[in-house]
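Note that chain A is present in both complexes that follow, paired respectively with chain B and with chain C.
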Partner chain A sequence: MREENYLYFANDGGSDTDKDMAMFPASTFRGAVTMSSTTVEFFFAPQDGTGTTANGVLLTHADIASNATDGTSPYADDKHYVVMEKFANLASGNRKNTTNFTVIKDLNTLVSNEGAISSGGISEVTAVAITID
Partner chain B sequence: MAIQMAVPSHGGETFVTLIKDADEKFCGPASNFLGLKCDGAGSMKLRFEDVDGTAAATVIDITVTDSVGTGVEMKRVCQAIAGAMAGHGVQGKFVKIADTLAGTYIHPDLLSVDAVA
Partner chain C sequence: MENYLYFRKNRPISASVTLGSATQTCPAFSASDIGALAGNDNENEIAAISITSLDGGGTGHASVLFTMDAIVPTVDYSTTALAIATGTTHWINPADQSYEDGVLVLDGHGTSGGYTLDTGDIVTAYWKTGLETACMYPVSALKGIVAASDISTVLHFASILGDATDDTITFTHASLGFEHICKVVNDACNAYPRDGRIINVYDGHDGVISTLNNNPATITLMEYAPEGGAAGMAT
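== the complex of A and B ==
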């Protein structure tokens, strides 16, 4: 069995209500799709075991248009690309010098000096919405 | 002459166990872990591929500490579970995540196993 990497997502709700937080094995990642100029959704194999309707984590970031260096080209500083690239780096199972618990995004107030527990994840992400049927 | 290699179904696998009571227990390979989610304040659901081969999941409800209001206890338990799933070298390959019957847990913020279904 290859080493698994577990990806942690949490909104700012303090893990007090259903789907405030979720953790997926990286191997269940199916892909990511841009949903708007400010959102990217990351899809995973469903936790209900049916293998059909994917679970999704919608990440919100700054509008791509507002980040264009010349005001016209959204690719100049494309937050879609940045978020996807950072996710890929974090989710990669080839990071031998890290633990297998990886915070993709945690919007809650963080404690200090506890390694991965203190990690907020991808800085460009401003909101997290988790869909698990 | 071809040589038939003996390949164990879960070679090198880590097995994890969660126990609610004498009648409700789960043991399965970590590779069957489908994920987990917050199910409410201090409540989490872990899901594994169903052991009977049906297209569903084995669902395990656990209770964790929820005193700070930032979800950090749940995050710590998630990290401990991730570590337990790795298993190799440190924890061994048969890891008991929680045993409500014996009162033993891999993390102090993991308080109980409430259901195995």
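== the complex of A and C ==
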């Protein structure tokens, strides 16, 4: 048995559209980068095997509590770090004798029994956008 | 299982410039505060801009959307310049201004959200987390570390996008800090061998730099250059 951890993402669609969901082996994770004050993108080796265009999962989280009239507020929060930290914990959480199926975030909105496979995952994430070229 | 190496540029951070003459084009912010100026043009990264008036004394400057020390009254736009008292601080909306290569250009008081600057005014901007401000790489992506000079060390990572060009992180540090950085990175890579965690290698948060092992190399600045650059990284 390969002790690989598989990372599952799903957006808030109905599991019926291209790239509503995706799963990547943790070993294909290449890195994560902040894209804005509210988004972090996690990059993976491409599933098409070309190796030249990374697949990305853009996770959205709350903005820092800032506004244009209070310069102190940008120092208040680190949501991107929390998301990265939780991802790291989940991605490396594989153990023997478990399924190693890890839900990073599942926002599926289908009805009960047909919807999200887990209400767990990273609670700070409010949106998931999957890019697979 | 492996660790994940976390880096963050000096963000959030604030930096100030003092107007040498009455112009709407501010002097460039210092690269030692905010990093390389070339390409530093993401105004969405600026959360707030304040202006401390030197002149004042009844001379009109601000027009609209300014507040006194974070009190936020509702102010209707007017093209009439308002008198600014010397030494007072006013906040203007970054979205109303332009920003390119570390240089702010403010609209004058005749424009919504504008403020006419005068000699000696101090403009302070507050940067928050933004595009490519922070990143995290699996340890397995680390390709090596090289000394670029006695005060500059470059970490090479396998490209996130999969191109042949490495992603790089460049540290500016005290003279002969290379060895310290190598030891810090080694510690970060090999910590928690049975676990796998995020390891904060360098964090310039809040202007208070923290690194693993209490910054033995005295790192003062970090530059991050993913091979794709700002346009190429977004998918």
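Here, the second predicted complex is superposed on the first by the 102 of 133 C-alpha atoms of A that agree within 3 Å, B and C clash if a C-alpha of one lies under 4 Å from a C-alpha of the other, contacts with A are read in each partner's own complex, and residues count from 1 in each chain.
To be clear about the criterion, contacts are C-beta pairs under 8 Å (C-beta built on N, C-alpha and C of every residue); 3 or more make two chains touch, one makes a residue touch a chain.
On a predicted model such as this, the values are computed, not experimentally measured, just so you know.
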>> For A:G31, using the defined touch cut-off, is the partner it touches chain B, chain C, both, or neither? Pick first, second, both or neither.
In response: second
> Looking at the overlay, does A:G49 come into contact with chain B only (first), chain C only (second), both, or neither?
Replying inline: first
> What is the contact status of A:T99 with respect to chain B (first) and chain C (second): first, second, both, or neither?
Replying inline: first
> Is A:I122 touching the first partner chain B, the second partner chain C, both, or neither of them?
Replying inline: neither
>> If we overlay the two complexes on their shared chain A, which of chain B and chain C does A:M21 touch? Say first, second, both or neither.
In response: first
> Which of the two partners, first being chain B and second being chain C, lies in contact with A:T131: first, second, both, or neither?
Replying inline: second
> Which partner does A:L59 contact after superposing on A: first (chain B), second (chain C), both, neither?
Replying inline: neither
> If you stack the two complexes on chain A, which partner ends up touching A:E41: first (chain B), second (chain C), both, or neither?
Replying inline: second
> In the superposed arrangement, what residues of chain A touch both chain B and chain C?
Replying inline: 45-46, 50-51, 55
>> With touch defined as at the start, can you tell me which chain C residues reach chain A in the complex?
In response: 1-4, 6, 8, 12, 14, 44-45, 47-50, 65, 67, 70, 72, 91-95, 124, 126-138, 141, 157-163, 167, 195-198, 205-206, 226, 233-235
>> Quick check on the complex: what are the chain A residues that touch chain B?
In response: 1, 3-4, 6, 8, 10, 13-25, 28, 44-51, 55, 99-101, 103, 106, 108-111, 116-117, 130, 132
> Across the complex, what residues on chain B touch chain A?
Replying inline: 10-14, 29-31, 33-41, 47, 49-50, 55-58, 66, 69-72, 74-76, 78-79, 81-83, 85-86, 88
> So in the complex, which bits of chain A are touching chain C?
Replying inline: 29-37, 41, 43, 45-46, 50-56, 58, 64, 66-71, 73-75, 78, 80-81, 84-85, 88-89, 91-94, 131, 133
